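Right after this note come the structures.
In the two complexes that follow, subunit A is the common piece, with subunit B as its partner first and subunit C second.
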Partner chain A sequence: MIGVELVKLVRRPRTWVAVGLLCLLPTVVAVFLATTRISPPPGQGAAFLSAVLQSGSLYPAAALALVLPLFLPIAVAVVAGDAVAGESSQGTLRYLLVRPVRRTSLLVAKLVAVVVFVVGSVVAVAGSSYVVGVSLFGAGDPVAVVRALPEVTGSSDDAVAGTGPAAPAGGRGQVGSSDAASGGQAGATRPGAGTGDGTVVADDQAARERAQASVSSLSGEALSPADLAARLLGAMGYVTVSMLGVAAIALFLSTVTASSLGATLGALAALVTSQVLVSLDAAAAVTPYLPTRYWLAWVDFFRDPIFLRDITAGLWLQAGYVVVLMLAAWANFATKDVTS
Partner chain B sequence: MSGDNGTTQRIGARRDPERLVISTRGLTKRYGAHTAVDGVDLHVAEGARYGFLGPNGSGKTTMVRMLLGLVYATRGEITVLGRPVPSRVAEVLPEIGAMVEGPAAYPHLSGRTNLALLDAAGPRRDRDGRRRRDRVEEVLERVGLGAIDRRPVRAYSLGMRQRLGLAGALLNRPRLLVLDEPTNGLDPHGIREVRDLLLELNAAGTTVFLSSHLLAEIEALCTTVGVVDRGRLVLEDDLDAVRGPTGRLVVRTPDPDAAARVLGGAVAERHDHTLVVEAAPGGPPALARHLVEHGVPLDGLVEQRRSLEDVVVSLTGPGSDTSRAARRNGARP
Partner chain C sequence: MAARSGWASGRVPGWALWRWAVVAAVAALLVGVPAAIAARPGDARADPAQLRDLVAASADRPWTGYAEARAALGLPRIAQLADVTTLLSGVTRMRGWYAAPDRSRVDVLSAVGERDRYTTPRGQAVWDYGAELLTVVARDPQVRLPRPEDLLPPELARRLLAGTTSADPATELPSRRVAGVDAAGVRVTVADPETTVGALDVWADPATGLPVAVEVRAKGVAEPLITTAFGELTQGPPDPSALEPRRGPGAGVTRSPTSDLFGVLGRGDGSSLPASLAGRERVRPERGFPALGRYGTTLGQLIAVPLPPDLAATLLAGIDRAGAGRTLTVEGQGSALETPLLTLAVVRSDDGARAWVLAGLVPPAAIDSGATDLLAGGRT
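Here is the complex of A and B:
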C-alpha cells in the first residue's frame, strides 16, 4: 500500500507544482540579490540573506529560512490535508477500503507518503538553492554568517538567553525561565541579530547595534565543506521534523472532515494561532508547547559550537505532536462510518 | 408506517442457512435521530441474483455499506460468506467485488493506471507484476474497455466510468458481487452488455447482489427480490413467487356485454373489451368452455399475474425523500 501511495504522490501534478513553487521563491530572491548586489543589512530580512553574497554555498540555509514561515507549511498542509479527505470526497476511499486495504495500513501509507513529500520538498529546496547560490554568488567562504550568529554558550537557561542579542535580557530577567526561553527564541528567529517584532520592540535598536557590532568584529576560520554539509543536513532534518508536526495536524483533520480544503485551512489556522501566541508574552505559560515554538531552532545548527538545547526541545515537541495526533487520527479513522 | 419487523412478506420457503452468502439479523443503523436502516433481516442465497429494490433514500446504500464494513451498524448482526462483519470483514472482502454509489477514480490518471493502482493496493497475493498486468487487461476486456487509450479518467463519459468501476469490482474474481446501481449512466446498449456480463458471471457461480431503484432492471435480471421502504425490508421472495397469479382471469372478447351477462357477479373489473374475472374451479379451460358454450366469442383468456410494480407500489409508501419530508411536515400539529 505504501508503494501505491508513493506512486499516487509522484504521479500527481500538484506535487510537482508545489515543489516547483517552493524552489522558485528562493531562486527569485537570489536573482534579485545577484543582479543588484544589495543585501539586506544583517539582522534584517530572512536569516542568512545578508551573508549569501559572500558565500553562495550558504544559500540553502537562506532558502530554508525563506520558505519555512509560509510556503513550506502551506505545501505540507495541502498535501497532508488532502490525504484522506481527498480520497473521501473523490469517492476512491470506499473502493480502497473494500479492495480491501485495512484502515490502519491506509493511514500509515498516507503518513509515509506525506513524510516523503516533506523530505523531498526540503531536499529540493536545499538542492536547487545550492545550485542557484553557488552559480550566482560563488562558493565563497561560508564563515561569516556562522560568526554573525549570536553566541549562545552558557550554563543556565537565563545566561543562554541573555547572550542572544535580541533577548530582552536586562529588562525582563525577573520573569523567569519561560520568558528567557522566548527571548532565546527571538534571538533565533533573527539570527545575525534580532530586529524586533512584537516581543522585542523595546530592545530593537540596541539589539541591532549589538548585532552589527558583532558582525563587523567577527573573523573566524572558514567552515570546511564537510562541516557545512553536515550542518546543512542537520538543519534540513530539523526543518523536516518541524514540518511533520504540521503534517500530523493536517492528517488528523483530514480524517475528521471530508473536505481537503477544510483540513488544510484548519491546520494553517492552528499554525497561525500558534505563531500569534508564541509572540504574545501573556501566553508565556503555554508557549513551550506550541507547535511553532521551536521551528526556527534549525538556525542553531549554524552556531559555533552547534547549540542543541532548542533543537532537542523542538524534536521532542514535534515527536509529541506527531504521536498524539496520529493516534487520534487512527482512533477516529478506524471507527468512522465511511459514507462518502 | 408499514408495521413491525414481522411484516416482511415471505411467500417462499425459508432459505437454507448453510447456503446463504449474506444474512443479516435485526440490522439497524441510526444517524442521530434518523433511522436509515431499521431491523432488516436479509437472506441472499448462494448463486442467486438478488435485486435489492427501493426508492431513493430508502436505506439501500447504507445497507450495502454495512455489508462491506464501510459503515458500522447501530444494532444487529451481519454474516457475509460465513464470517461476521465487520469484525472479520478483511477476510471476506478479498472474495467480494463491489461498486458502491457510483464509480470513483483518480481523474488525472488513465483508466488502466487507476485499475493497476487499485489492484496493487489489494491483498498481498499475486504480487507478480506480469500476472497483475494480465489481470487488469482481462477485466478491462470483460467490461468492454479493452481498447481504451491513455486519456485521463477526467475525459471519460459516465458510461465509461461506470464500466471502469465494474472492472475494478471484477479484479478479485469475486464469489460475491455487490453492485449499487451498476447501469446508471449507461445507454440501452451498455445496459444490455452489463446485464449479459452479470448473467455470465452468475452462471459461472458468482452470487450477484444488485441494488437499484429501477424496477425494470431488477425484473430483467434477478431471481430474488428484496424490497426496502423507509429502512425496512417489506418483501423478500423469489421473483417468480412475487409475480404469481392473482386468482383472477383476464378475458378479452369482442362482445364484452354478452360476456358480462354470462359471467354475472364473477366480473371484478371491466375495461372496454377486457374483463377481469374471479377464477372459478377448473381454471381457464373451464371458463373458456363455459363462455364458448354460451356463444361468447373469445380473443384471449389468461391468468392474471401480479407485476412487480404492482407489488412494490402496494407495499411501499409514496416513495422517496421529498414526499416523506412533505408528509412529515403535514403531520405536524
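Here is the complex of A and C:
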C-alpha cells in the first residue's frame, strides 16, 4: 500500500513541479545577491542572507529561511490536501476501497507519502541551494563540508565521501561551471575562495582550516565543516518535522471534504490564523499551542551552545498535532460513507 | 434499520462515536497535562523580610538559563533611542551564563541573529552577529540607559530592591513554580509618593535567594508593566568556555571607551547640573563621568544629563514626531514622554544653548519641578 502511494507520488508531474518551484526561489534570490552583492541590512530580511556573501556553504540555511514561511507549507498543503480528497473527487476512492484495502492502512500510506514528499522537498531545497550558494558565493572549501557528512551521520557511505577526492579544486570548478555565466565574477572578490582556484587541496586538514575561516555561528564561534554539516542536518530535520503539522491538518481536512482545493485552503487558513495569533501579544495564552509557534526555532541550531529549548518544544508540538489530527482523520475516514 | 438509513445519508452512527471520543480524549490529555504541570502550585514558604534580604544578597549566586522579559510601557519608537524604546515596549528573549558580577554573558536572541554581551574582569565585549563586529568596551558608567540584561530576573530584582527602603512593607505572595524552581514570593509595596513604582513582586529560590521571576507594578495600574521570568534555569557555576568572548571568522574587532550613550555624554561638562533637583540631592558623580547627574538614591531618583544642542534638537523633534509627548510648561522648551512607570523628558533653554535629558521612575510633577530647577540652576 505504501509502495503504491509512493509510486503514485513519484509519477505525478505535480510533485516535481512543486519541488522545482521550491528550489527556484532560493536560486533566484542567490542570483540577485551574487550579481548585485547587495545583502539585506544586518538584522533584517531572512536569516543568514547577509552572511551568505561571505560563505556560500551557509546558503542552505538561508534557503530554508526563504521557503519556510510560505512556499514550503503551501506545497505541503497542496500535496496533503489532495491525498484523500483528490481520489474522492476523481471518483477513484470507492474503487480503491473496493479492493481489500483497510481504510486505516490507506490513511497511513497517504501520510507516509506526504512525509516522503516533505523530506524530499527539504533535501532538494538544501541540496540545490548548497550547490547554488557555493558556486555563486564561494566557500572556504565546500568539499570539506560534504566530506564531513559521513563523520556526522556515522555512515561510511563512500558515495558521499567519494565526492571529495573527485573534486580536488575545492569543488568550485566543478559545481561552479554550470553557473559560471552568472556567478563567475562573484568569486573574484572573495579572497578565501580565490585561493582555492587552480590549487589542489593538499589534504583534509588544509581544507578544514579554510572552511573554518569562513563560517561562524550566530554566537561568533568558528564552525568546523563537520559542525556546520551537523547543524545543517539538524535544521533540515527540524524544518521537516515542522511541516508535519501542516500535513496533518491538510490530510485531516482531505478526509472531510471531497474537494482537494478546499482541504488545501483550509490548511493554509489554519496556518495564517496561527501566524497572526503568534504575533499577537494578547493571544499569549494560546501561543504555545499554535502550529507555527516554533517554526523559526531551527535557527537555534546555529547558536553556541545549541539552544534546544524551543526546538524540543517544537518537536513535541508537531508530534501532538500529528497524533490528534491523524486520529481525527482516522475517526472520520474509517466511518465515512464513501460515495464517490 | 434506522441506523442503516442514518449511515446511508452520511450521518455518523452512534457506534462510531467511540472513535471521536478517543480523539477528544487524546487531544484533551495532550493539552491538559502540560498545562496542569505548568500551573501546579508550588509549596515553598519563606519569611518575606528574610527572602527580601536573601534576594538582595544573591549577586554571588551563579546560574545558567534562559529568560523572557515582557515590558508594556508602550513607548513610541524614537529613532535615537530605539534600543531603549523597543526594550521597554516588547518581549526580550535572553540566554545567560552568570558566574559572578564581573564574569557573565548574556545573549539577546532574535529570529535572525543575536547580540551577546560578555562581562569580564577586564571590561566588557559585545558581539553583534548582524554587524559582524566584536566591540571591546572599556567601561560603562553606573548611570546608563536600560539594557536587555537589566531585565533578567536576578538583575531587575536586585536593582529595584536596592531602591526601596526598609520601611516599605514586605508581604508574602503565593509560591510559584518557575523553570523547575519551587519559588517563594514576596511583594514589596513602595510607600514613597515620589516614585511611580507601586510594588515589586519577586519570586526566588528560598534556599539560595536567586530571583526567578519579577513583576513590576506602577501605582494605579492593575496589571504589572514589566514581567520577567526564567524559562530554563540551572543553578551552579556555568561552563567557563561559554564566558570567553568570541569573534566570528572574518568579523571585525573594534575598541570603544563605552557602549552607552550616557557613557559618551557623561564625560562632558557637568557644570550646568544643579546641586539638587525637585527636592532630591545630587549623589557624588562617578569618577570619569562628571556630567552624569544622579539625584536621590531611592526608586524616586532623577537622572539628568546635559545634552549637546544638536542632539537635543533631534530628540525633541523625535518626540514630537511620535506624537506622544507632553509639552512641559517651563520657561524654556520641554517635551516629556510619559508612561505609567518611566518618564523621559528633554529640556532646552530658550536660547537653545543648554539642554538636558531628564528621566526617572517619577510622577509628572517631579519632572516638571526638575525641569524648572535645571533651567534655573544652570543660569546661576
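By our rule, the second predicted complex is superposed on the first by the 258 of 340 C-alpha atoms of A that agree within 3 Å, B and C clash if a C-alpha of one lies under 4 Å from a C-alpha of the other, contacts with A are read in each partner's own complex, and residues count from 1 in each chain.
Simple rule for what comes next: a residue touches a chain if its C-beta (ideal position, glycine included) is under 8 Å from a C-beta of that chain, and two chains touch if they have at least 3 such contacts.
None of these values were measured; they are calculated from a predicted model.
Engineer: In this superposition, which partner touches a larger number of subunit A residues, subunit B or subunit C?
Structural biologist: C
Engineer: Taking the superposition on A as described, I'd like to know which of subunit B and subunit C A:286 touches: first, second, both or neither.
Structural biologist: In the superposed model, A:286 contacts neither subunit B nor subunit C.
Engineer: Per the contact definition in the header, classify A:50: touching subunit B only (first), subunit C only (second), both, or neither.
Structural biologist: It touches subunit C, and subunit B stays clear.
Engineer: Contacts for A:28 in the overlay, against subunit B (first) and subunit C (second): which applies, first, second, both or neither?
Structural biologist: neither
Engineer: Touching A:335 in the superposition: subunit B (first), subunit C (second), both, neither?
Structural biologist: both
Engineer: Using the superposition on chain A described above, determine whether A:272 touches subunit B (first), subunit C (second), both, or neither.
Structural biologist: The answer is neither, since A:272 touches no partner chain.
Engineer: Touch test for A:320: subunit B only (first), subunit C only (second), both, or neither?
Structural biologist: It touches subunit C, and subunit B stays clear.
Engineer: Where does A:303 make contact in the superposed view: on subunit B (first), on subunit C (second), on both, or on neither?
Structural biologist: second
Engineer: Just checking: does A:17 make contact with subunit B only, subunit C only, both, or neither of them? Give me first, second, both or neither.
Structural biologist: Neither partner.
Engineer: Return the residues of subunit A at which the contacts from subunit B and from subunit C coincide.
Structural biologist: 335, 337, 339
Engineer: Can you tell me which positions in subunit A touch subunit C when the two form their complex?
Structural biologist: 41-48, 50-51, 54, 192, 212-222, 281, 289, 296, 299, 303-305, 307, 309, 320, 323-324, 327-328, 330-331, 334-335, 337, 339
Engineer: If you look only at subunit A, which of its residues touch subunit B in the complex?
Structural biologist: By the definition above, subunit A touches subunit B via 1, 3-4, 7-8, 11-13, 90-92, 94-102, 335, 337-339.
Engineer: Residue numbers of subunit C touching subunit A in their complex, please.
Structural biologist: Subunit C reaches subunit A through residues 7-10, 12-13, 16, 19-20, 22-23, 26-27, 30-31, 66, 70, 91, 95, 107, 109-114, 116, 127-132, 134, 231-232, 239, 242, 246-251.
Engineer: Mind listing the subunit B positions that touch subunit A in their complex?
Structural biologist: Residues in contact with subunit A: 62, 65, 68-72, 89-90, 93-94, 96, 98, 100-109, 113, 117-118, 120-123, 165, 168, 171.
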